[in-house]
Amino acid sequence: MIALSTLFRRSFAHGVHPPDHKALTADLPTQRIPFVSHYVLPLNQHLGAPCKPVVETGQRVERGQLIGQPTAFVSTSLHSPVTGWVRDIGRRRGPDGDYRESIEIEADPFSTQRLAPSPRPDWRGMSVEALVEALPHSGIVGLGGAALPAQVKYSLRKGVRIRHLIANGAECEPYLTNDHRVMVERPETLLRGIEILQTLLGAEETIIGIEQNKPEAIATLRAHIRPDQRVRVVPLRVKYPQGDSKMMIRALLNREVPAGLHAADIGIIMNNVSTIAAIADWLEDGIPYIDRLVTVSGPGIARPANLIVPLGTPVREVLRFCGGLTEDTREVIMGGPMMGTPVASLDAPILKTSSGVLAFTAAETARPREYPCIRCGRCVEACPYFLNPSRLARLAKARMYDEMKRMNLSECVECGSCTYSCPSGIPIVQLIRTAKNNLRGRKRAVKT
Amino acid sequence: MNALLWIFISALLVNNFVLSYFLGLCPFLGVSGRLETAFRLGLATLFVMLITALCSWLLNTYVLIHAPYLRIISFIVVIASTVQFIEMVIKRVSPGLFRALGIFLPLITTNCAILGLAIFATNKGYGLIEGLIYALGAGLGFTLALVLMAGLREETELAPVPRLLRGTALNLIIAGILSMAFMGFAGLFSAA
Amino acid sequence: MSTDSGLGLQSASRQGREPTSLRLILTLSLAGLLSGIIIVSVYEATLPTITAYQARMLREAVFQVLPRVTQSQRLVWRDGTLIAKDAEEKGEAAVFGGYDAGGNLVGYAIPSAGPGFQDTITLLYGYLPGSRKIVGMEVLDSRETPGLGDKIYKDAAFVGEFKDLAVDPEVRAVKRGTGSAANEVDAITGATISSKAVVRIINEGNARWLPRLDAGG
Amino acid sequence: MTNDLSMTNYLIAPAIMTGLGFSFALILAVAYRYLKVAEDPRIEETEALLPGSNCGACGEPGCRAFAEKLVAGQTSPGHCTVASPEIVDAVAALLDVDAGGRERRIARLHCAGGKAQAYQIAEYRGFESCRAASVVSGGGKGCAWGCLGLADCKIACGLDAIAMNANGLPVVDPVKCTACGDCVDACPRDLFELVPESHHLFVQCSTPLAGDIALSLCTAACDACGRCAADAAPGLVRMEDNRPRVDYAAGGPARPEATFRCPTGAIQWVSGKQFQAQPRIPARRGG
Amino acid sequence: MKRPDPKLLVQPAPLLKQPLTTSMAMRDVLIALAPATLAGVWMFGLGALLILLASIAGAVATEWVLLPDDERRAQLANGSAIVTGLLLGLTLPPALPLWMAFLGGVVSIGLGKIIWGGLGYNLFNPALVGRAFLLAAFPVAMTTWSAQTGPTGFFEVAASNLAAPFMHIDFDGVSSATPLNLMKFQHQSTALWDLMIGRTSGCIGETSGLLLILGGLFLAFRRDLDWRIPASILIAVAAFTSLLVLIDAERYPGPLFSVFSGSLLIGAFYMASDPVTSPLTPKGAWIFGTGVGLLVVLIRVFGGFPEGVMYAILLMNAATPLIDRYTQPRVFGKGLKSPRGGHE
Amino acid sequence: MPTSKPDAYQEFIKGLWRDNPVFAQVLGMCPMLAVTNSAVNALAMGGATFFVLVASSFLVSSLKRWIPKQVRISTYVIIIATFVTVIDYSLQALLPAIHKELGAFIPLIVVNCMILGRQESFASRHSIGLAVIDALGMAVGFLFALLALGSVREILGNGTWLGLDLFGPNFEPWVIMVLPPGGFLTLGLLLLLFSWLAERRQKLAERLAEMEVEGT
């Protein structure tokens, strides 16, 4: 029955249907992880320029205190997630293997860790420009994965009128359920945030797009929407990558965002539901972005959970709280299984974008031998952007990167649908990423 | 079947100059690396073939009846000079056209598809119209073979072809398979 | 210096000593002159042998397709009659009259050509106007497949079919063993197309020549 | 054939041929006069040197086009398959405007952290390419600056000048290397530098980490102790972001002494191939 | 530093993987072909089975010899060589000398696959390269069709099957014309039902039309082949022949006859649809299939051969790189009229 | 002008193998493929090319001083075409059967890139003696290649060699060998063989050199 109705739901073209594995954590209420002794806070947890430390080694900091200041428009602040002392400012290994300039904080074991609300602007009667001014002080970035400092999206180009606000509750990555928990546990906050943004942007309507496999979220939100609010919840087919902004816009509004443009350029602003809730927290209660909701899951985790984790907590501590890794764990991923980053070391800290910590065992990480591409076309039929992943991979293997550019390499969002569906086991996305990396500047220094 | 149509189809497919007569192999093997270039070379060849058909008919009709023994030498000299003259004119008149097609002219004149065309057309006793149709078929057939070959070769660039085979050896084998496929056209429109 | 100027002149020579156009023209003319002389000498030297050979081959072919013939004469159709003419002329079709020792006309050897399986087939066949029969056929030129199509001249049985073949009504090629009327030829198994092509070429020759031969003979 | 006819032939043939030669030479001479288009004279000269087979094997439509590309610097003489080495040299000599003058350079690697020295903290599985590995958590290598050992540089080197040694490091053959810079472009970690052949003092490490952190990742790392800078001639070696920079222009002379007190061997006196501390003494065989 | 952690693996995302492998696709093809293969062996006798074994042996042995040591096992294990050998065998006449079938397997893999760089890189269908080679090399043997033996004559192996390598033995069995031969050279049609259930002479695997369709649907259902290719071939053949019938019903074969006769079905479902050698793009698949269909009819009706499926597929294989190149789908968000003027 | 040490033997021998016009330089492919469906035809074509190449090289190198650079190629073409006509008529008179087989391909010797190439790159730059020796080497190399190809094609395609029956009456000829695809395929495989041999030789030489170094 559900299957039938699924078929008739609007969606985008192509895409894949990986098993969602959400049952592991979907019903687990969020809980707060205890404070640990050390926190590592990289200065660039967002797109754009790293922030600049405003504290010194040895200095005491309070929970919620500003420790890093934005250095550019595309940049944001950083706040201390604990009360304690700055132990060092230097290079630390980030989750992706690079060493980044970071602030290391040692928690004060005897502190109450009470959060002192920051001064916050009054959003009522505020203009969008003022919102753009204010948001960098919150440290909020897009929590849907891109980590774009929140204000950037609202600095609209001249002449652009926003008609739709879209709250992205798709959470199409398998395993992850933190957006789901936000929608189930904090519907008022989310709707408050929507109200604020909708008012400030002057949008006619807000659409909350939720994949059908989260009936509880759909029901909860529908129950909380007041009749006077111009907010709709639209269930979407379960299909990856439903949560990608352009795909979701296609699914909800049947519009195609032209390549090279942003949603805003066609009058749409999209935010992740968690981002919107974080904005509400900041504008209503003055809470800066210091805690991250993390889904800890996967076959390698003893006790899966949805956790509220202070930024900078080492992955190892998160795992320890969940009972540690099982014996046969082979790989730990930060983020979702489709787009996440494997971590090389458990010392890596939780960042603003770390929506999940997933552990996989030998069974999931085993790969059948890679065969040459047999041009079966499954990747072509999977790619939501209508690229030709088979050819891109072939060109990448022949190291013909410039030719790849002509095959629209830059349009690939690295969603991984192609790799997921390839029977020959070709690491297509990795090849694509390699090519992009190569083209981006052959002599780019990876480290700072 | 209409005789002219048969002449055309025969030269285009059945007796394709490259794949069945082995004519014009130098450009076929040399300049089929990239599709763009191959296509333009094909067009230029078509053009030279038409000129050749005209020249050889003129020579046959007005000169060689008096001196048949000068066939080879007069064909080559007249065709080469005419093409060169045209090349100069093109270069002068339209540098764009010259860039696109003209640069191929010298390569084409010294290949045997051109002389072969003149000699075959003479051997078959074609008149002016038949000769031109023949040249059209042969030129288009040459272009077809070249373009197909270029498409295939561009693809092999991406393949882990055994090192020793890379280059001419592989290209010849591809040509062999292509020629095998073209055998399917044998008897086209001539079957009783 | 370049080949795109293969036969011409190009910009300043590297040595800076540019020969006059006259010198170039002279060189080429001289080369042409010499080559003309060489070629014509060889031509003259070989011509008798070549023409003799060609004539012999032609005669042999005619004798092959017309039994009991000892002389032949090239005939062309002009103004409604057949006239003897040895020199070839472009675009003018000819047949060969075959005569016995007594100088009496035995029959005609008719050349004809047309598309075969691969390429044009050229053949010569002997025709007796009196009995309206074909009495011999020889393929002069073809590119048919070795082992298959080439049976049209290598397969004695097939060639034998044309030793006594009525031309009325049209000659027909039929599958081996399916009846054999006087005007029917058994096609070669595996080379039906070539066989049919031979028959068609003969029919075309007949259509062109028989009315004339019957009229002008 | 009558004698008569052959006599005519003897007249006709030379006449026609002379006529042909004459008239075409004439037409072309005239055409040349009036249709001439100015061109770079070097194209002529280059083409004169080429074999002139117009075979197209070089991928260009004829020798002329090839010569044009050569002069334009878009191809190299070696692409002509027919030309003998002498011809290739002659062409190269004709076109190479800045032959001589600059000192010969070779590619050197700023890393000595092979398998035996640098820790692999995680196992990498994926496309065997340094750049591909570098986008997957740094390929699991502890040092985020060090060589990944998956041979992108070797593959990029069209001249076969790079070989991977048993330790997983690329070794440049100074004889074959032409300093084309392909390896510099290929390396995702930017470890190659083109240095003059005569420069011997060279730092084989790129980490900006210092002290124990650096050493915890790689035993060959520079721990930024600064001794080399102190021991070298003034100005020759500067510490910059925890890395010694050797600048031959800034001071001198360079001497092997600067390397003597380095605790890790990160700074080396390099001559010939890298990573071969002593030149191998050929084994003596009987007779 | 002490490391209590397990040594982790860093393997790029996505970590999830659809449970599909190349070997599974090959296995599916073998399953799909099984009914038609069994039917062929049943109808043509033990000789047919020997031919299939010989061609598979040729293919597998060649792969074994020509592949580098470290790739041998894995490449053979994926089963593509077996598929190639089997498909080649199914398109051979039942009375062919076994050594020719073996040679066909060798050529299929040697010239059809290995020289291109192996699995996935060949641009022509390997089985058809082998078959085209055999047809051009031994035209007589390859166009001599023996009649069906049926269950009674199952164990009678034709003498010609057993000719010594490089030699031939004259065909002893009753040679019998295929429906297409009858059509082309005698203008005789064959009863449709006989065509469908395979009561005709022809290649080992081509006769039983219904079983071939069954297997083809299985493959299409499993998405091992692009349904557009067989669909467009059948549509093109049917449409073209219908047109001809409209012009002269006496002279030209009708659409149903054309679809069920000869190797059209095995070609459309199993050979034209070989993913490696057919276009990747949906639009390309339509063009490819239509091209095959038109060429088949062109060769059958106007050409020198009674059957044109093999040549049609090879010719379209040659055009595949070009088709793919010019039928890339429109990339999402590209080529739209931008809301703010200008393109992209 | 490249000035290499003229060594007659070297000049001759290089054309046979190292610089073989067909296998190494890939020139003159058209006549090579078109007429090699039998060894006899290959010999005849090789012989005709031999004559034209040697004669033209002789004439070109002896006249090189008097030919102005600007009309060099035109003159070469005229010279070559003259010799081709000569051989065309001679064959027709002396070996009419073979002439019929080779048919239209004799005239095409004029445009055999190898011949013009030799004039351009060698004959016009060297003394008469060297030019002739070089031409001899190249021509023999060409003949050798033609014969190799023609033999393979005839033996497999017809079961005969130079007309001699090799395998008895039951041999099944591989017709494809005498058809166009057979020409392409065989030459492709021969080229493969050539490069394999060349590589093996080079490897051997390298190993020898290494051993010498170590031995000292």
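Chains here go by letter, A, B, C, D, E and F, matching the order in which they are written, and residues are numbered from 1 within each.
Everything below uses one rule, namely that contacts are C-beta pairs under 8 Å (C-beta built on N, C-alpha and C of every residue); 3 or more make two chains touch, one makes a residue touch a chain.
The model shown is predicted, which means the values in this text are computed figures rather than measured ones.
Visitor: What's the chain with its C-alpha centre farthest out from chain F?
Guide: Following the centroid criterion, the farthest chain would be A.
Visitor: Measuring between Cα centroids, which chain is at the maximum distance from chain D?
Guide: The chain lying farthest from chain D is C.
Visitor: Report the pair of chains linked by the most C-beta pairs in contact.
Guide: Top-ranked chain pair by contacting C-beta pairs: A-E.
Visitor: From the C-alpha centre of chain E to that of chain F, how far is it in Å?
Guide: 41
Visitor: Between chain A and chain C, what is the separation of their C-alpha centroids in Å?
Guide: Once rounded, the distance between the two centres reads 83 Å.
Visitor: Could you put a whole-Å number on the gap between the CA centroids of chain A and chain E?
Guide: 48
Visitor: Quick one: report the Å distance separating chain A from chain D, using the average Cα coordinate of each chain.
Guide: Centre-to-centre distance between chain A and chain D: 43 Å.
Visitor: List, in ascending order, every residue of chain F touching at least 2 other chains.
Guide: Residues 26-27, 69, 71, 73-74, 77-78, 81-82, 85, 89, 113, 116, 175-176, 179, 181-182, 185.
Visitor: Which residues belonging to chain D are in contact with no fewer than two other chains?
Guide: 9, 12-13, 16-17, 20-21, 24-25, 28, 31-32, 48, 52, 54-55, 57, 62, 64, 121-122, 125-126, 135-137, 139-140
Visitor: What are the residues of chain C that contact at least two other chains?
Guide: 1-10, 24, 27-28, 31-32, 35-36, 39-40, 43, 117, 145, 147-148, 192-193
Visitor: Mind giving me all the chain pairs that touch?
Guide: Pairs of chains that touch one another: A-B, A-D, A-E, B-C, B-D, B-E, B-F, C-D, C-E, C-F, D-E, D-F, E-F.
Visitor: Would you tell me which residues of chain C are touching chain D in their complex?
Guide: Checking each residue of chain C against chain D gives 1-5, 7-12, 14, 21, 24-25, 27-33, 35-37, 39-40, 43-44, 47-48, 51.
Visitor: Where on chain C is chain B touching in the complex?
Guide: Listed in rising order, the residues are 2-8, 35-36, 39-40, 43, 90-91, 114-120, 143, 173, 192-193, 196-197, 199-200.
Visitor: Can you list the residues on chain C that touch chain F in the complex?
Guide: By the definition above, chain C touches chain F via 1, 3, 5-10, 13, 19, 23-24, 27-28, 31-32, 34-35, 38-39, 42-43, 45-46, 49-50, 53, 57, 145-148.
Visitor: Would you mind writing out the residues of chain B in touch with chain F in their complex?
Guide: Touch residues, chain B against chain F: 19-26, 29, 69-73, 75-77, 80, 110-112, 114-116, 119-120, 123, 164-165, 168-173, 175-177, 179-180, 183.
Visitor: Can you list the residues on chain D that touch chain F in the complex?
Guide: Per the touch definition, chain D meets chain F at residues 21, 24-25, 48, 51-55, 57, 81-84, 86-87, 89-90, 282-283, 285.
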